[in-house]
Structures are given as C-alpha cells and as structure tokens.
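A, B, C, D, E and F label the chains in the order they appear, each numbered from 1.
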Amino acid sequence: MHHPEGARHRFSEALDGALRSTVELGALVLDNIRRVSEALLENRLDTARAVIEADGEIDAKYSALEYRVFEIMARQQPVAGDLRFLVSLTRILYEIERSGDLAVNCAKGLTRRDGYTLPPAIHSLLARMSRSAADVFHQALEALAALDASAGARLNVADDEVDDLVGMLYTAIAERSDDMGFDLAVELSRVGRYMERIGDHAVNVAEHVTFIVTGEFPEEPAGV
Amino acid sequence: MNAAAMRTAPDSVARALTTRRRDFKGTLFTVVLLGSLVVAMAILGTLLFTVISGSLPVWRSRGVGEFVGSQMSADPEVAGIWQAFYGSLLLMVFTAVIALPTGIAAAIYLEEYASDTRFTRIVNANIRNLAGVPSIVYGLLGLALFVKLLGGITGPEVHGRSVIAGGLTLGLLVLPIVIITTAEALRAVPTSIREGAVGVGATPWQTIRHHVLPVAAPGVLTGTILSLGRAFGEAAPLLLVGGITTFFSTGDSNLIETLQGRFSAMPVLVFSWSRLPQEGFRALTAALIVVMLIVLLLINGTAIFLRNRFEKGVRT
Amino acid sequence: METHGEESAMQTIEEQLRGVPARIRRERWIRRFFFGAAATSVVISVAIVASLVGEAWTFISNVDLPLLRSIGWFPRRGLYDISTLFAGTILVAGIAMLVAAPLGLGSALYLSEYASPRTRRLLKPVIEVLAGIPSVVLGFFALTFITPTVLKAVFGDAVGGFNMLAAGIGVGILTIPLVASVTEDALRAVPRVLREASYGLGASRMTTSVRVVVPAAVSGVVASLILAFSRAVGETMVVAIAAGATGGSLFSWDPLTNGQTMTAAMAALAIGSDRVRGDDYAFQSLFFLGLLLFGVTLILNVTSERFVRRVRQKY
Amino acid sequence: MNDEPLSETTVDSGATAPPRVRIDVASEQTRTTGATLFSLRQVAVDYGDFRAVNDITLDVPSNEITALIGPSGCGKTTVLRCLNRMNDLIESARVHGSILYHGVDLYGPHIDPVEVRRRMGMVFQKPNPFPKSIYDNIAFGPKIAGVKGNLDDVVEESLRRAALWEEVKDKLRESAYALSGGQQQRLCIARAIATNPDVVLMDEPCSALDPIATLRIEELMIELKTRYTIVIVTHNMQQAARVSDRTAFFTVDVKEDGQRTGVLVEYGDTGMIFTKPDDPRTEDYITGRFG
Amino acid sequence: MNDEPLSETTVDSGATAPPRVRIDVASEQTRTTGATLFSLRQVAVDYGDFRAVNDITLDVPSNEITALIGPSGCGKTTVLRCLNRMNDLIESARVHGSILYHGVDLYGPHIDPVEVRRRMGMVFQKPNPFPKSIYDNIAFGPKIAGVKGNLDDVVEESLRRAALWEEVKDKLRESAYALSGGQQQRLCIARAIATNPDVVLMDEPCSALDPIATLRIEELMIELKTRYTIVIVTHNMQQAARVSDRTAFFTVDVKEDGQRTGVLVEYGDTGMIFTKPDDPRTEDYITGRFG
Amino acid sequence: MHHPEGARHRFSEALDGALRSTVELGALVLDNIRRVSEALLENRLDTARAVIEADGEIDAKYSALEYRVFEIMARQQPVAGDLRFLVSLTRILYEIERSGDLAVNCAKGLTRRDGYTLPPAIHSLLARMSRSAADVFHQALEALAALDASAGARLNVADDEVDDLVGMLYTAIAERSDDMGFDLAVELSRVGRYMERIGDHAVNVAEHVTFIVTGEFPEEPAGV
C-alpha cells in the first residue's frame, strides 16, 4: 500500500514527532537534574551555572513545543486517544518544564551559598535522594517514550522512596542544623523539597502516560 | 538555466501562453455545424414557402370560411374540406378520450406501483416496442379488429368503417406514446418528493395525487398533447380502416350515429388529393395543408408553451 | 412495574398502528384499477400479433412459394416478390439517412455545444414543431417541389415524376428533427462537469465536442439514428405519394424511377381495399407484409435498445 | 419499561430502599427521558440475497439524540429506515429480528406501515420540500392524517419549533423553493413534526448544507429533544460528537468470501465514545486511522 | 521573481552579503518554494451588472497549499476560476485588476486561455472522470496537447503520483466509472497532473466524498505539494486547517442597498488563522459563531 | 432572532459554564488560602484541619471540571479563541488545584507544629505576605472571571510584592531562628515558599487569561 499507516499517516507522524521532541526535552531536563546533583554534592559552582544557562534553551524549546502541540490541536481536531495524547502532552510538557525550573532552583541555591562542606551523612543522603529523584524522572521519560501504561502505578511506588529519603534528609538536617549553620540547613531542606517535587512531577508524567493509553488515571487521582 | 527555470521565467511563460496560430480546424468545424443547422432551417422555410405560396390562389378566390366549410367534392372548383376537418377533430377527441386516461393510468401503475418483476419488465419492453411499430401496422390491427371482427358494433351501417374504428385505431397508436411520455414525466419527479410524502404518512395514492401528479402534470400534459398531434397527422392507419375521401353526408344525427358513421380526415384527404391529376387540386391540397399546419401549430404550440411555462416554476 | 393503566396504553399504541381498514381497502382497489390499465398494453400487442399472424398464415399456406420470388410486386396479379419491397424500403430508408444523419447530427451538435443560450431557446422549439409536420405534407412537398424543382434541375429527364429519390429525401427531411431532437437531448444530458474537465485540461471547443461530449452521448446519438432508420422503414405516406407505383412495381435499385416499399405497398393495397379481393390472396398479403414490417421494426428497436444498454453498461 | 439498562442507579436504589420505589415509579411515568423508545434485538436486514446489516441490538432512549455513525455502506441508513418501515418501499428488503416501539413489534402481522410513519417524522439527506407553498408543506401531514378545520395554529407551532417562524411568517404562501438550503431543511423538520410524532428520524440532514446552516440545524436538534426522540444518521463524526447523547458506531465486516455486512461495533454515551471508546475499531475510525 | 514578498530573509541576505547571492540564486532555481506563483492585485469579478467579488489582493506561493475558505456565495469558486481563465466560459463574467502568473498577466491581450489551462490542472467538486477507460482518462490531456507516441509511462507516472497506481494497475482498460468515488477523484487528480502542470486548482474536491476518502485525498495533496502548487477551495474549515499552508478567508460584504459582494478578510499562515486570527470575522467564522 | 448568540449558542454556554465553574473552584481555593493564613497566624488547628478537609472537595471538583473541559474539546472541535480558552482553562485549573494543594501543605505543616508563638515581627510579615498572596490570587480569579487581558502584566508586578515579602520573611526567620527553634523556622520558610508559589500560580492564571484573549502571553514568557 502506498500509505502504510492509513489515511492520517502525516497526522500520526506529527504526533510521533511531538512525542519525540517532548522526550528529548525531558532528556535535557534530566541531564540538568543530574548535573545539579553533582554540583550540589561536589560544590561545583561552574556546573551550577551551566545548569542555569541550559535552562534557557529548555524554556525556549518548551514554549515552542507547547505551541506546536497547540497548533496540532487547532489544525487536526483530535478526538479520543489523539486528544488524550495532545492534552496530556501539554500537561507533561509543563511538568517537565517545572522539573527543569526546580533543578535551576537548586542550582541558584548553590550559587547563593558558595563554599560549604556537607557532613558525610547528609552528603550520602543527598546523593541517594537526588539519584532516586533523577531515576524516577528517568523512568517517567522512558514510560513516556514507550507509552507504557503500567508506569503510572509503578512510579507512584518508586516516588515513595524519594519521599522517604527527603524525610530522612530533613531529620538529618534538623539534627545537624547547628553544625551547618541555619542558612545552609534551610537551603538543603529546600533542595530536598525540590527533589521531592521533581519526583512528583515525574509521577504525574507517568500517570498522564497511563491516561493517554488507557483513558483513565491509575488508582491515585492525578494531579494531586 | 535549467529546464525548470525555463518553465518559470516570465518571458518564456509569456511566450508559451500567447496564441500561436489561428485554429483553422476549429473554425471550419464550426462553419460545418452551423451550415447543417442553416440547411435544415432552410428546408423548413422552403417547405412552408412552397405550401403557403401554393395555397394563395385558394384563399384569394374562395376565402378561408368557404374552403373549410364546403363539402368535399371531386370538382376542384367547389371542393371543400368540411367533412375532413370535422372528422379529424372528432377523431382527436375520441382518441383523447380513449388513450389519455388509459395511458396515464397505465404509466402510473408501471412507475408508481409495479415492483420490478419479470412481468413488469416484459410490459415495459413491450410498450417501448409498440411505440416503434409503424403506424400502418396499427391500421392493419384496426382493419382486422375494429372493421372486420367488431364491425357490427363499431359501424353496422358502414361495414365497420366508422369514426369509432378510426378513433380506436388512433387510440391504440398513441397509447404507447402516452404511456412512455407520462412515465418519463413521472420518473422525472424526484424520489425525494415521494419519500417526503411517505415519510409523513401518506398512502401511495395520497402521494401520487398530492405530489407526484401535480409535479408531473406539465410533462404529462406536454407529452400527451404532442401525441395527439401525432394522431392528428396520421393518414396511413386511417387509409386501412376506411377513411373516406369523397363526398358523404354529415347530416344531423345523434352522437352514437355520428360515431358509428363514416368519416374522413384531413391527412387522408391530402393523400387522396395529391394523387389527383387535375391541376386545380394542387392549390387545394396546399390550402388543406396550411389548415392542417395551423391546427398542428396550435396543438404543439400549446404543448411547448405549457412546458416552458411550468419548467420555470418547478425545479427538481 | 406493569400497572393496568400502562397495559391498556400499550394496547392503544398497537391498535393505532394497525391502521384504518377502510383506508387500506380503498388503497387496494386503487392499485387494482391502475393495474388493469397497464394490462391493456399487453392485450394490444397480443391483438396485433394475433390479427397479423392469422391472416398472414392464410397467405403463406395458400400462396405458391415460387411466387414470392419473381420479377416484382404485383399482388393483384399474384406476383409477390418480397425482395422488390425490401430493395425499395432499403433504398428509401438509406437515402433518408443520408439526408437526416448529417443535418440532424450537425444541427444538434451546433445547438448543444456552440449556440448561445438565446439561440437555443429560439431554435429548439422550431425543431420540435418541424417534428410534428405530418408525413403527408412531406409527401406533397416531395411530389410537388423536390421532384419537379430540385431533381429535374439536377438529373433532367432521367428522373420520373414519381421516384424513390424524392421519397427518400422527403422521408429524410421528416426524420431530421427526430435525429436532431433526440441527439440534442443526449448531448445536453452530458454533465457540464465533463465539459469543464475537458476545458480544464486545455481542450478547445471542437476537441471537447468531438472527443468528450459526443463519445459520452454516443448511446443517445446511435439510438437517434436507429430510431430514425426504423421510422424511415415504417414511413408510409411520403413514399405512397411521391414514389408512385400504386398498382405494383418491378424489382429495381434505381432511385430515379418509381418504386415500392413495404409500407407503400400496403397503402396501395388498402386504398382500393374494396378491390383488394381482386386476387385471391391480395388481402391476406397485406397482413403478411404487416407481419414482416412488424418483425423488421421489432428487430431494429430491440437492436437499438440492446446497443444502447451495452454502451450504457460499459460506462 | 421493565428493562431499563440506562439508569441503573434508579433501579439499584429502588432495590435497596423500598419507600423510594414509589417515588421512582411516579417520576418515571411523567419523565420519559431514559425510557426505551425503540428496542432492536438481533436485527438483520437483507436486500435480496445480500445481508446488509447483521445482529444489531440496541435500545434507543426517549428524548435523547442517538447518532448512528460509521463508514459508507455500513448500513446506517438501512437501520434508520427500519425504524419507520421505510424499507417496505424497497422490494427486496427483508427485516429479521425484532424492533419494538413502545414495546410493540413494528413488524408484527397487523401493523400498518402507513400508520407507523404517521407517528414518526423523517428528515432526509437533501432538503426535499414539496413544490408547494410553505404553508401547504406543513399542512399536508396533518391533513392526510384527517385533521379537519383550520391548520394555521399547527403550521405556526411547527414552524416555531423548527426555529423558522420568524424568518417565514410573512411569506407562508410563497413557494418553499424560494428558501435557502438551510431554511428548506428546517422546513422539512417542521413538516416532520407537524403530525405530532414522538420521534424524528434524520438521515444525514446536514450533508447538503454549508457549515453555517449545519450548526443552526444542530442547535435546533438539541432544542427539539425535550419533546422528541431523535435518531440521526451522519457521516460527520464531529456532528455526532457535537449533538448526540448516545452514539452507535457501525462498521463493515468483511468475511473471507468477500461478503460485506454492516455490524454494530459499539454503542454508548457520546462523551465516552469520543474520549475513550472501548473498541479499537471505533478509535481508529473516529481518529481517522482507517483504510 | 523580482517581487518576492514571502521570503524576505533571502532577499535581505542577498542584499547584505554579496558572496551568498550566487548561492541563493542557484538554490532558488531548483527550489521554488516560497516564490510567488500567482499574484492577484485588486481583482474584481462581475457577472453582468453584479459584482461577485471585489478588491482581492493576494500572492499564492509556489509549492504550498493555499486554501480559500468562507461562507457560501463569498466568491471562492469565482476567484479560483479566474486563475485558469475558466471564467471565460461564462458569457457574462468580467475580470478586473491584474492576475500575474510567473509574472505574466493572464488576462493580457495575446494570452490564449487554452494554453493557460494546459499549464494548470483543475479538479472539481464532484469526481468527473470521462466515460472512458482509466487509461484514456489520463491520456486525454497529453494527447490533445500534442504528445505523440506511447503514453504508458505518462499514465503510470500520473497514477503513481495520485496514489492510485497500485489499485488500478490491473484494470487500466476498464471504465473509470467502475471506481469508487474517492478513487474517481484521485483519478481526476491524476488526469489533472498528466499534462505536467505546475499548479493544481481544486474546487471543493472532497465535498462529495466520505470521511475516509476525504482523508486519503488530503494526504495526497500534501504529498503533491512538493511538485505542484495547490490552490483549494473548501467549505470544510477543518480541511483547510489540516492540509493548507496558507489560508485566505473570504466573506460576503452586504452594502446598505443590499448588494452582496465577496471580499478577502484575511490571508495568512494557516496555523495563525486557526490559532490566532487577526480579524474578528475570521474568528467568528472558524469558531462557528456566525449568523 | 431565535438564537440570540448565533449558531453555536449552546457551545458558548458550555464554555461560559466551564469558566464559571473554574472561577468557583478558584473561590474555594482562595477561601482555603485565606483560612490557612488565619490558622497560621492565630495558631488554630481546627481551621487547619477544615482546610485540609475542604481540599478533598476541591480535588473532586477539579477532576470533574478537568474532564468536562476535556470532553468539550473532544466533542466541539474548538479552534482559535475557543481552543485557546479550553487549553488554557485546563492549565488554569491545574494552577488553581496546585494552589489548593499548597494551602493544604501550609495547613499540614501547622498540624505538625502544634502550639507555637511567633515573634511579632515575623507574625506581621507573615500576615502581610499571606494577605498579599491571597490578594494576587484573588485578582487572578477576577481577571479570569472577566477575561481581563491586562491582568497578566499587572499581576506580574503585584506578585513581585509577594516575592519581596517572602524574601523579607526569610531574612527575619534567619535572624530569629535561634529563638524559634530550627523546626519552626524551617516550617515557616516553607510556608513562605508556598505562598510565593501561590503567587506564581496566580500570575500564571492571569497570563493564561491574557493568552486566551489576545493569543499571546504577556512580555514574560509563560509557565516559567
């Protein structure tokens, strides 16, 4: 057949393209999340600055991509799965972009507190936590790329680990707050908060993937 | 510059789009077509001119009233066409009374009621064939049926050669034409109108009476009038069923007697007169033809007028 | 949930849906009436065939068959050479087609493809009026104008006062409007969009007419020609008036002399139908000829219809 | 009325709380929405030897708009025309299975199709007003149904309901053909409701209209459903999405031997069909991924 | 090619950086996208005394799909038919203003309309194949254009481009009428491109087709635009949104004296028209808020 | 005329209805924001619990409304302004819902730290900050209700005040952290962060209103 994928071949291609670009954007954000963790742990200001700078590109791509999805909606009258896909993609883009902002927030915190040393316990907790968060985010992107409906429920569980680690981090910080000084302690607790949110955003992404595929959100109501 | 650029450069485009040669073949073709139309029209003109000019002596010497009102005769000096004129009209009315209701009803059955069965198909094919049967064969039918077989009823006094026999023969002759033209008119009524009527709960007859017939009426009318014109001009069948071309009395008699009596008709008289050797009958025949053409013009003109009138009103 | 009230309401609906018996009966009678009318046509054709076959059979079974192949058609002398009539019929119909086909087709093509709407509105009715001219008129025209004025001028004395050529031309003129009218209808019936498609491809008016419109209407064009031929074969009065040969005719292919067609022969027999009994079977020969004519036209009509249908099916 | 698959809640609550049953029954008798008007069970239609549609089972609820959609030739029109026995006009058509209307078998032995059609309005693909005046178009139905006397009120009321009155009130005696396409179609709707039917069947009523007229008719349909049950066949999926409450999606089932039969793929709430259809064939069709 | 309002960048860069000029010119010769194919300036069309459209100024770029949309009677068809001088066939039609095609005035004194039409393909509202074989339908155009010899290759190539070859290659000698509506329309497209035009004009090419066939044709149009410039008139706004690169929105301007004239309201990138139209009339129309 | 608002009367009504419901949802959230400020300032646990409870209803309404908007998109093939409206409404709903969650976060923090006394300076700063945030949110809702395109730019400025107050709060907390104890200090800095985010969400709402009306976002890129 001349049109291997039927009459809306090009439309499908447009959707695929938007998905691919979104995953690519996610990869950029993931990269930033990983770099900011590294910067935090190794106290590297230059990396932090690079992260902040990279976000400019992310924001620009996000805006362009969001408009692209919007234009597809305006021009293709999607329904059913296609509409779920496009509406969810808009949301997913936002979640990804927010995650990018959170990475930047971390980086900015770092630039504010130049030169510090982390107590080893906190250092290791922070490392585990940010690895977890990045992992969850990574999994969300993979679920998105593969349109894997099962990821929504799975990531909800994986995110619990991030939340636990954040909790542990808070406790550790509260214990050591005197050693580190109040400012650094507050800054670190913020970082915990940001990583927790990145995990949440990742879960939202995965839940929207489930919605795209099945038309329903996994058990837990979405967006909460 | 490559070919694509050549194609799009303004001056080469301009050259390509400009007329190169005159289209002689096309012009010649137009001339030929127009010529055939002109020739056809010229023939008609000649015919009318010949006939009318040939008839002038009669009008000059005798006048319309006298010519039409006089009895038929073998003497060109006094011969008129009264019996033929009267007979033609009588035949027309009789034919109309016989053929129109039957034909229209048959067409309604075939178009509106009949399902597409083998029987219906046979009837339809049959009717189309009947319309193509030469008129003289109808004359034979009339001769065998109405003159010979039923002569006792159709014209006991005249060996069956009566108005009834002639009228019935012409009636049968035009019946298939009436059916076909009516059926055509009915078919031209959009199905959507029928569906609209049936959709609001009309019975078949209500649908036909209120919607199909009113819409088809102009077409039916035109078709039937034209077929009457055809009947009016027919000579051959009447020859066979005994149209009279010499004097006979049309004295006062009641309707039945008239119908059972002898008859003549203008076309028959044209035939008869045109074969007469006397030079005087040439002009008389021409005059007779002029009368016929006028009657025909009235008939067909009415039909065409009706059609043009209604065509504007009802779109499909 | 089924209360009594609901049940009766339901019955009402069912009863209502059964309709009014009187109305249903009336509709049935109306239908029967129309059926009766349609059946008449069958009766007529049966009657035609029956009346023809009966007498024709008498003729065939009583006439010496060799008499059907002789020097000419002289029924009152017992000579029934059918080929004479066939030759005459074909001659007249052929001449008629030579006249009618080019003029009719040309006029139709001009009217439908070239003429402005105003011209068409003016000329189409004229052609229709022309179609209504009775055949006796054309006979008279052929006898009193074509032969003496036209043919004598061309052929001189070689042409007789009664001749087949004039008859053929007369029949041709008679069928021009038929050809023109049917063809024009067929051409007009070709959808405008086909013409537009052709013009859109850069076709000229002539190309569009000849290569798109005419082929698309070919079934109608052919039908008009066959119809005209059939009409020419069945035409009586023009020949009877213009071709002479009242009593009979020798076998001949010469269009300049008098001659006889099947129809004209029947008319000739009929004029003096009192005298038809002049010979034993002259009267019956009338029916024999009628049957032949019926057969020939039937075949022509069926052929034309077959042809038209085949062309239609193809596209 | 004992099988009512559409409002389970009512049935459920009725089963558990006896005192509320009465109230439910009472409210059901007055409010007809949700009651089943047509009930098709294993309906199949043959044209001669050709089975056009097979095994259609669906319930059409009252006072809702039910849309029949699907690819060309899947039998939408065929099913619609079964509902008011318009199929009787086609010689070769045979209907199998049962079609109940208010619980009455429409193809029962003594049912008069003319009577059936009088109780149902029908609107066709192309506007098909009679070539008469606007007034006569509307008055015809009531007249042949035996309504005597002055029909002015009926005509006005029907035109009002069809949202046409204001536009034509001054030219009721003029030809219906003088109206625009969209107005003609609204006139046809007025004609269809003049006989006071309880259901209006529409076969692609907007396919010959431009977008403006189409949206007008859609508005009108939504207005009409408070009084009438509407069943609409449409090629235009967006139209089904916009106006209908329930959507039935048909498709053509091609057997190995090349036999093509229309079948019902999915029937349900229009919102669900267009956001989350159950059957992948529905999804493919409404998202344009077919062929 | 000296007035090229659509690709300002090229012109600009050409003006500032001489060395790049050569490259630009060269690349322009092979790539025609963005060059102006038709240039309409203050075009107005009269039918007799009636001004159907007025003051249309727009540039149609090469190798793009330009859609003309708007309510019924706004003159879309009229404008389209000016482009290949099909309006010449209508006695009363008069065209004012200028229509340039590759910079040549189409209504100039010595221009032969027949030649103009040969360089432009046209596709009509209803599929209108000739009642001939599939092969002859395609071969007709080249033949009358004087192409001699074997046309098999032309026929195959045209059918391939119209995405029809696979479906019909075994029945080229069969009647075109045996094809489905959608196939017939693709055949008409194949016929239109067989004469090797550089533009294809389409007047509501899908309005007689079902949604499946419609989407097929839309895919095809997008494929074709690499080779041809396409101008399409459509009633279907969604179609314009789906396929076109640029959209011109026309509307009917009603004067105080009741004169109805078509005017161009907005012309621009299709994405913009459907996400953020400039003119409120455009917005009202595409969102269905009219009348 | 029979159809006063033209042929898509009912569609317009559906859009109006969705807008009204969104504003109503926003009003519920605003109410929660105000109550949680009150609870924070007056240390009222019962009010905090009421806020948390009310969020259940908000979430339910949010889900229903989001689906309603989604269904309208599926069934009405919106383009241009209508599509901008619906897509933006989806985002606005999310921003509102997130703001509700942030109020709940504040309330939860309160329930964790039962019984505290705020230093007067911090008390007053907190009061000003939360009033400001609530104000900005309120203005965003009004802009939404009135589809006021100018609000986007205006709120961006108003939100700067919230940000300033949050900054001041951080400084004050850092100064007084020893008085209050680390836990309370961190909790309060979180509350500051939440109020800042509420302000941000409100600005996003207003910016999307601008987008709905004009098709463009105000100067500042949206969603950042």
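We adopt the following convention: a residue touches a chain if its C-beta (ideal position, glycine included) is under 8 Å from a C-beta of that chain, and two chains touch if they have at least 3 such contacts.
What you are looking at is a predicted structure, and each value in this text was computed from that prediction instead of being measured.
Student: Tell me, which chains sit next to both chain B and chain C?
Tutor: Per touch definition, common to chain B and chain C: D, E.
Student: Which chains lie in contact with each of chain C and chain D?
Tutor: Expected: B, E.
Student: As a test of whether you follow the contact definition, which chain pair has the most C-beta contact pairs?
Tutor: The largest set of C-beta contacts joins the chains B-C.
Student: Based only on mean CA positions, could you tell me how far chain A sits from chain E in angstrom?
Tutor: 46
Student: Hey, how far is the Cα centre of chain A from the one of chain C, in Å?
Tutor: Spacing between the chain centres: roughly 88 Å.
Student: If you average the CA atoms of chain E and of chain F, how many Å lie between those two points?
Tutor: Whole-Å distance between the two chain centres: 50.
Student: For chain D, which residues are shared contacts with two or more other chains?
Tutor: Within chain D, the residues that touch at least two other chains are 114-115, 119, 212, 215-216, 237-238, 241, 274-275, 288, 290-291.
Student: Residues of chain C that contact two or more other chains, please.
Tutor: Expected reply: 23, 204.
Student: Could you tell me which residues belong to chain A and also touch two or more other chains?
Tutor: 3, 7-8, 11, 70, 74, 77, 79-80, 83-84
Student: Among all the chains shown, which pairs meet the touch rule set out at the top?
Tutor: A-D, A-E, A-F, B-C, B-D, B-E, C-D, C-E, D-E, D-F, E-F
Student: Sort out for me which residues of chain B touch chain C in the complex.
Tutor: Against chain C, chain B makes touches at 23, 25-26, 29-30, 32-37, 39-41, 43-44, 46-47, 50-51, 54, 101-103, 105-106, 108-110, 112-114, 122-123, 125-130, 132-141, 143-145, 172, 175-176, 179, 203-205, 226, 229-230, 232-236, 239-240, 242, 267, 270-271, 274-275, 282, 285-286, 289, 292-293, 296-297, 299-301, 304.
Student: Enumerate the contact residues on chain E facing chain F in the complex.
Tutor: 237-238, 241, 273-277, 282-284, 286-291
Student: Give the list of chain A residues in touch with chain F in this complex.
Tutor: 59, 62-63, 66, 70, 73-74, 77, 79-80, 83-84, 87, 90-91, 94, 97-98, 101, 170, 173-174, 177, 182-183, 185-186, 189-190, 193, 221-224
Student: Once bound in the complex, which stretches of chain D touch chain F?
Tutor: 163, 166, 212, 215-216, 218-219, 222, 238, 241-242, 270-271, 274-275
Student: Mind pulling up the chain A residues that touch chain D in the complex?
Tutor: These residues of chain A touch chain D: 3, 5-8, 11-12, 77-84, 215-216.
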